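Structures for review follow.
Presented sequentially are two complexes of chain A, the first with chain B as partner and the second with chain C.
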Partner chain A sequence: MNADDVKKMIAEALEVDAFEVDDDASTETLEAWDSLGHINVLIALDGALDGKVAGIEGMKKAYSVATLVGLLREHGLVD
Partner chain B sequence: MSTATTAVAYVTRLADGETLELEQADGVFRPTHTSELFIAAARKRAQAPARILDLGCGSGVVGIALARLGLAAVPVSASDVSASAVELARRNAARHGVVIDARVGSLFSPWAGSRFTLILDDVSGIAEDVARLSPWFGATIPCASGPDGTELTRAVLDAAGQYLEPGGTLFVPAISLSHVARLLEAARARFAVVDKVAEQRWPLPAEMAPHLDTLRAIREEGRITFEEKFGMVLCTTAVYACRDPRESMG
Partner chain C sequence: MRIAGIAYQLASKVESLAELQTLNPDWRVDQLYEKVGIDKRYVSTPEETPLSLGVQAAEKLLEGADRSTIDGVVYVTQTPDSLIPTTACLLHARLGLPGHAFAFDVNQGCSGFVYGLSLATSLLTGQGLTRCLVVCAETYSKHIAVTDRTCRPIFSDGAAAVLVEREGPGRIGPFVFVTDGTGASSLTLRPAEAGGAPQLYMDGPGVLLFTMSRVPRAVKDLLEKAGVALDDVDLFVFHQASRVVLDNIKRTLKVDEAKLFRNYQEMGNTVSATIPIALRQAEEAGRLGPGRTVMLVGFGVGLSLAACLVRT
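Right, the complex of A and B next:
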């Protein structure tokens, strides 16, 4: 999985068009990325990554593409 | 009867930036994720203005939202066991220009002889002792959903076939703070088709965090479920569309 896959997954979880989730996307830029939307994002990522996301500290407050991808990369889950 | 109105209104998104602002009142159930999911599910399923019944209407959010979206024929039918809720639903409907037939009564008792295309069951659906620990019910809002949270919903499932038009649909919520498996068993016993049409996980309200050990104990008993992941306690609400009631509804 790479950063583009993560962005695509975020878009699907938030039910928005893929182009809306760019490198700068965050809870500040996307109305759909609210608190419930964030849970949908985490659940989607966790499902795709065999449950390895649930235990990563910081995911709860990873409210941007950059932070999410950074955390996943730190844990060797994203190229 | 006059209802004390709270200062804070409830706002839900409808579509394309349009919002629906509703007056709330002390002692009347405040809309939650369940109401939002009902609106989303009905938007996916309803093809044309339907004759709807908002059962357990509270402030009237579901019926009024569907009417505003052009999915509910008027008058919108709505009922609640709470007279204060019915009064509030009437006020909110008037505020939004929605014609409503709102009645006071338990479950289907106000609707003898009526039939609906779409029935939305928004009655209390979480275990009673959990409800009393929650910020949603407090001490004054009625909640007689029983120890596993399914009693009212199962009563709705038992009777709904008599109130649905042919081809009609009953929407019921399955909230993980109730015994979902028991509820679905009852749904499948009463309806030939039971489809999940919407689902949302949501965090346990902060007000319930001090009761987490109690909730874990209730989970151990098998009466409720919730997940603990991402550093959060997550509950789930799903909405099921029930169609084709079976014969012998009892």
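Right, the complex of A and C next:
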């Protein structure tokens, strides 16, 4: 999985168009990315990454593409 | 050791998601329902308290029973009617329990029933007692504004009373416990800004991540401790937190839907009373016959988790 796959997954979880989730997307830029939306994002990523996402510290406040991808990369889950 | 009986009492006022939509026109209740899965909940009136609901549940359970043989009561609540004295003593008096009975409160939330059950079974075994009550009662709604989109569509008020007996068919245990106090702020009571009742605050993603990361591991630990395989469990009664939580547990553990008990849609999340209410409803639905292995898993505020097996 790479960063583009993560962005695509976030878009699907938030039910927004893929182009809206760019590298700078966050809870500040996307109305759909509220706490309920974040729950959808976490569940989608955890499901796709074999249940390895939920245990990552900092994930609950990873409210941007950059932070999410960074954390996943740090744990070897994203190229 | 066995659970000899369960009765419950829900708060008297029903509040539907449709009513919340009327009160909060800006809410997307379709999205909320898709995630939370709760149609209606029970909300206490000002006159209804955890103690009054607990007494009603216990009175239903003990109707016609010999109360002189009850050796104690474990009262589980996080919103006690009284801090001094412990509310369990008030419950003891209201129920007319005998003088030799122990009575104490346990401050636990969603994991509270399993905690209460572990204490009851330990006391019955260790002290050579015969039977005791575990009463779980909660009225979280008194601390949630109707405009709170995170908590209001989830929590429900109610109480359950359970009679645990040392003798009889069946088995209760083993137990496993998990605590993550670093997540304490994820679900807590905060002082009200205008000096009213303290308000419940929940960081949904924080609680969800605890559930996602710790429930599957605890289930595996419990199965290993009991020497039982996942397929040997006939019924899973998880805390009825919300649809999204149960769906996620089901997916992660690969639990068959037919073995999963769900009642949140019509009941909401009644905190510590949730699991005993679910057990009673499972029994009424014919899903708890003799010789069944049932797994109970409570999790949430704390952050805290407690799980056990019950052999009927």
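Rule of thumb we're sticking to: the second predicted complex is superposed on the first by the 79 of 79 C-alpha atoms of A that agree within 3 Å, B and C clash if a C-alpha of one lies under 4 Å from a C-alpha of the other, contacts with A are read in each partner's own complex, and residues count from 1 in each chain.
Here is the rule we go by: a contact is a pair of C-beta atoms (placed from the backbone, for glycine too) under 8 Å apart; a residue touches a chain by one contact, two chains touch by 3 or more.
The structure presented is a predicted model; accordingly, all values stated were derived computationally and were not measured.
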Report for A:59: first if it touches chain B alone, second if chain C alone, otherwise both or neither. both
Who does A:17 touch here: chain B (first), chain C (second), both, or neither? neither
Looking at A:46, would you say it contacts chain B, chain C, both, or neither? Reply first, second, both or neither. both
Does the superposition put A:35 against chain B (first), chain C (second), both, or neither? both
For chain A, give the residues common to its interface with chain B and its interface with chain C. 35-36, 39-40, 42-43, 46, 53-55, 59-60
Residue numbers of chain B touching chain A in their complex, please. 33, 200-203, 229-232, 234
Chain A residues touching chain B - in the complex, by the definition given at the top: 35-36, 39-40, 42-43, 46, 53-55, 57, 59-60
Touching chain A in the complex: which residues of chain C? 31-32, 35, 150, 203-206, 208-209, 212-213, 216, 244, 248, 251-252
Provide the residue numbers of chain A that touch chain C in the complex, in ascending order. 35-36, 38-40, 42-43, 46-47, 51, 53-55, 59-61
